[in-house]
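After this come two complexes, each holding chain A, first together with chain B and then together with chain C.
Let's look at the complex of A and B:
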């Protein structure tokens, strides 16, 4: 007979998410080391090189933080949507859609004041992200279609749309055979703050605080929590659970769209398939590790940005850049297992009717 | 008398401190339709779970066909011919009728399935091909398939738990004929478990009655026993302990006029309901649950906005308006389903405490945590709630404290109208007492209270007037001075003298 059951712990340590992350990260470094040892590389050498080349100088640090911007913004979007206990797997598509919307607005407009223009372009990218999640949001609230599936599927649609545009109507003749849209004018590039750090990072800080405020301090955040807890309670309280879910999805999608806009104006400067390198998927890991906390997403996003940069530079000594992705994924895995043990305990079974 | 096909003696089963079965005797005769009557929680389902091998009793013996069974388990019970239809169907929705019927390895009609299906679908007047998917059947048809499943796996003893709860009156009388045929032609032994007096009289030949885990009457001949006697057995003695009823009544606060409601399954769940409640008055709503109580409170509280009739609070017509219109007129609703409707599971104690008045802690879009905390601390003090950590999930509170938080949240603003549904269900004695005091205090403050309860003790103790709901209709209305338990009990069972 099975006399033991798992039961949810009633009280959790407030820092348990942070401890879980630390445990996950240590496990991930250990696993990464093992893989390096198999390849006859000294893990300490590799890791110290990664550290040096990702945060060792102003330039490398700013590269890392630039990489963190899309992870953080998309992660924040995912966390806002998770307030109503829905999952957004479509951040990758929303990032692309943000860039497409920005480019569409750019092609069809001309504004002299570049500050205003940048502001409007980024607004367009935010709206683009919202449009991208519009169909999953509508099908969710109208027909109850599982949002995990629909947001995932929109990724493929938007990626296909991007390929179509950059090989077709938007294709830049000057790019020869490389499929990409024309570069935007230098006047709308996001200015650099210091080193190579894009001012997109400031936007990122502002939006982190905004997401924190929405989730923790606003009436809307409260209503999302109640709606996420129980739709029946929300109806009982006079809160429209469907409306909150719909708005949360549009806002969350907008955050990811903005990430695509910033990426275009600060890194690629044109629409190409390089707008995102899986940022929307990594953002899910970032958001999940932090238990959907905006400030945590900011910090872990910065760390993962540094890991990505570190991973790309160690290729020069013959180590695959995938080591960074292995560390990221194993961190999530370790953290989730640790969170499980922080949240549940094994108890002796009590029979009841 | 012949030897019973099944006989249990002295069965006891306890859960924690609760004695669910207290040395129960029960026996069944072959080919007879038996009735097992009792209120909710009397122990009927526990007994059936013992017979089908799901619960292992601490004491007692089980004999099947005069053979003593040492340790019954579900598989053994099934092979000995005991089959049960649970209240929740156990059918595979995406399978056809045939697949569901032949799923059991004990199935006896594999070879000649077609003839058997023809025979029994006629007995049950089930007009569907056996290739129909179960999910395409109506609730009544699913019920038929569920019972046929027992026949197909050769169950000689068929235990039916509240089989009529989901049926229309026509389907119920059809079921009666089918069961009679089965007991006469196939010599099936049938047990009908119910709290509906009328059906037990209609369906059965012999009746057993349970009360508080004990068997209080055995083998009563159905045609010789009176309704009144059965009600007395089922309800037991009622302590007519009561709060003082010298409360002053004021002007009418809640008025309900000719409410009718047809639900999504096109069942007429509320039929022409009218009443009013004055300030300082408690109107009790008696009735077995599922007779329209939840729908009635949803209509009054604005959750169900489409219905026929009118709801007036302080003479303001709020029909067709939502929850917020009621909040403005200071109506409070304590729903039957505490965790899931009244409180949001997985959300903190603090967040849950503010559900009624969170907009009062807001400045525009900003929500003040400080104000919410002050409000919660007031609740905790005033209603002596034990909450170890207000930021922890609501499920960290005990049932009694959850209910106190919910009551406190709904009562602290001194509401004009209170709708309280089953406010003490599942609580221990001391919690029940404090909840009762809260309701009486609120009455004395001048609230109009609609108290929905299955517990007649509670209704007698608190109410000034009582109405009885049966199948969505007010079947009886009495002042507390002229009310008597028996006639209320009969009305709850659908019989109005």
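Let's look at the complex of A and C:
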């Protein structure tokens, strides 16, 4: 039985991440079909309906892209933080914190020029996301506290804070039994480009290019990679690994915070628990599946946005919307399995001598 | 005669603590072997829904517990396969396990939302009106006692048996363990599945006793608290149990605060366990010079380079 050994491949196919994703997605569609068959539904009918209702018209396509915005922005933030080999599991909390910071700034200010106001509000949400990751970032670089756990725990703290605020000081009396803050004024809504597509999508494109530049083209990105790669190399190169890690975390948190700000100004128009429906967690799948590549995150984010919309519309024919989430999760599992075969090979053992 | 409010508080504390503790204990075993499994929330959910459906369909509580534990364990084996056999990233795999577990259990449980159970885990000793601390302990159900038993057993197995010593050795130092001829993959695989089984038991406790019905998202972040508990407890069973009692107390206290005349928001009380855990984690890291009690090899896949 021990005649075979596992060895790491010297060279990996350039496109292996892409192929892994494709394989994962096909596996996921297969698993999804099985689940549908068990429920006596025809998979082809369901999937073609999902396709039609998520990309079939301008309105449905723009719904899908709107859903993609938070996934992409939070995913980009996660990928920037991953440049220094750190994990951000706290995107969900940062999204909420972005919305909270935006609302806080909105309540305490009044600016006539709505373009300027929107710009400042979104800046506030970016800063909110950074503040949210501040304690995990500080404790990581100062004391080496595990950032996976601290970013994760901040999710629940911020969510608790949100519920506290919308049930207390921010509660809109008009919202009756559904706790939520008051609506923001229509003048600061993000304008619509076409159909239902929010201009947040343009911001999303700009930030994708920005993340691509930061990660792959800038000196800072190069330094981040060195800092994350090896502490010794970083010291030889005169790079402060801690400083890079700290900055990467603040920027990454800000990206997720911005996602919350855009969600508030374009979708919910007020702070409520509906600001994020697990976008921060799905964003981790999106980022991981693309091997943390910004352009990949953009494309997979759009696909997952469409899947989410497709999942929510098929409820009308009695199919559970969870099918979409299962497909998303299984895609990553399938991709991980495929990735194994791209990075390792099973060799026959050669006898010594 | 003890104050009736105190009785209620103590009872709720013990129940909340049992739920958190069993899942945390399972995660502790998994992490001791060097595998980090962030999928606790998903595994609890799978255990909860499958145990509930088994109870509805068979009416047998014993059978329901077995099904809940087994299915969560099989579900955890996905994580074991991806991280131990395929050596992929443990953070990513664990997270998808949570997402998959939550969505899968919602899908499976959809037809059973709002159904009432005919059977419910009864207390071991039937006491109509418990009015002393002893009565409270006696009126807990079988899983509470199982939890205590598992705590003692886990502490014993980890410290006093060959299997436990090997498990800890693997979590501390993969290379040395490998050169000593320990079966790393097998041990880690078993530890992950045992962790899943414990989470499943915790899930069964949730649907058969704690809130005896099934609804989407009813695990409500308890899996993440369980993960925090392992850190709080410094990867030690007894300290984790103490942490579970503390966290359980805070969960039980939240909705009762106003009856005690405090003007504190229950929402703020609800987030205190998370704040405490972060503080404990930071303090442990600072004062113990980075030695939080965490297994040194946690999260690192094992690969023996032999070309």
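Basically, the second predicted complex is superposed on the first by the 341 of 353 C-alpha atoms of A that agree within 3 Å, B and C clash if a C-alpha of one lies under 4 Å from a C-alpha of the other, contacts with A are read in each partner's own complex, and residues count from 1 in each chain.
Definition applied: contacts are C-beta pairs under 8 Å (C-beta built on N, C-alpha and C of every residue); 3 or more make two chains touch, one makes a residue touch a chain.
All of these numbers come straight from a predicted model, not from anything done at the bench.
Trainee: So, on chain A, is it clash or fit between chain B and chain C?
Mentor: With chain A as the common anchor, chain B and chain C both fit in the superposed model.
Trainee: On the chain A superposition, what angle, as a multiple of 10 degrees, is formed at chain A by the C-alpha centres of chain B and chain C?
Mentor: 70
Trainee: Quick check for you: in the superposed arrangement, does A:160 touch first (chain B), second (chain C), both or neither?
Mentor: Only chain C is touched by A:160; chain B is not.
Trainee: Please work out whether A:30 is in contact with chain B alone, chain C alone, both, or neither, and reply first, second, both or neither.
Mentor: After superposing on A, A:30 lies clear of both chain B and chain C.
Trainee: In the superposed arrangement, which partner chain does A:281 touch: chain B (first), chain C (second), both, or neither?
Mentor: second
Trainee: Of the two partners chain B and chain C, which one touches more residues belonging to chain A?
Mentor: The partner that reaches more residues of chain A in the superposed model: C.
Trainee: After lining up the shared chain so the two structures overlap, which partner does A:178 touch, if you call chain B first and chain C second: first, second, both or neither?
Mentor: Touch status of A:178: no partner.
Trainee: Classify the contacts of A:168 with the two partner chains as first (chain B alone), second (chain C alone), both, or neither.
Mentor: Touch partner of A:168: chain C, not chain B.
Trainee: Applying the document's definition of touch, where does A:222 land relative to chain B and chain C: first, second, both, or neither?
Mentor: first
Trainee: Pick one for A:238: touches chain B only (first), chain C only (second), both, or neither.
Mentor: first
Trainee: Classify the contacts of A:4 with the two partner chains as first (chain B alone), second (chain C alone), both, or neither.
Mentor: neither
Trainee: Across all Cα pairs of chain B and chain C, what is the smallest distance in the superposition, given in whole Å?
Mentor: Minimum C-alpha separation, chain B to chain C: 7 Å.
Trainee: Let me check the overlay on chain A: which residues of chain A are in contact with chain B and also with chain C?
Mentor: none
Trainee: Name, in rising order, each residue of chain A that touches chain B in their complex.
Mentor: 10-12, 14, 217-222, 225-226, 228-230, 232-238, 350-353
Trainee: Show me the residue ranges of chain A that touch chain C in the complex, using the header's touch definition.
Mentor: Those in contact with chain C are residues 5-8, 35, 87, 89, 135, 139, 143-146, 148-150, 152-157, 160-161, 163-164, 167-168, 278, 281-282, 284-285, 288, 320, 322-323, 325-326, 328-330, 332-333, 336-337, 339-340, 344.
Trainee: If you look only at chain C, which of its residues touch chain A in the complex?
Mentor: Its residues touching chain A are 36, 38, 78, 82, 86-89, 91-93, 95-96, 98-100, 102-104, 106-107, 110, 221, 224, 227-228, 231, 265, 267-268, 270-271, 274-275, 277-278, 281-282, 285-286, 290, 294, 303-307.
Trainee: In the complex formed with chain A, which residues of chain B make contact?
Mentor: Within the complex, chain B contacts chain A at residues 15-16, 20, 46, 49, 55, 301-303, 322-324, 327, 333, 335, 337, 340-347, 351, 354-356, 358-359, 362, 365-367, 369, 388-389, 391-393, 395-396.
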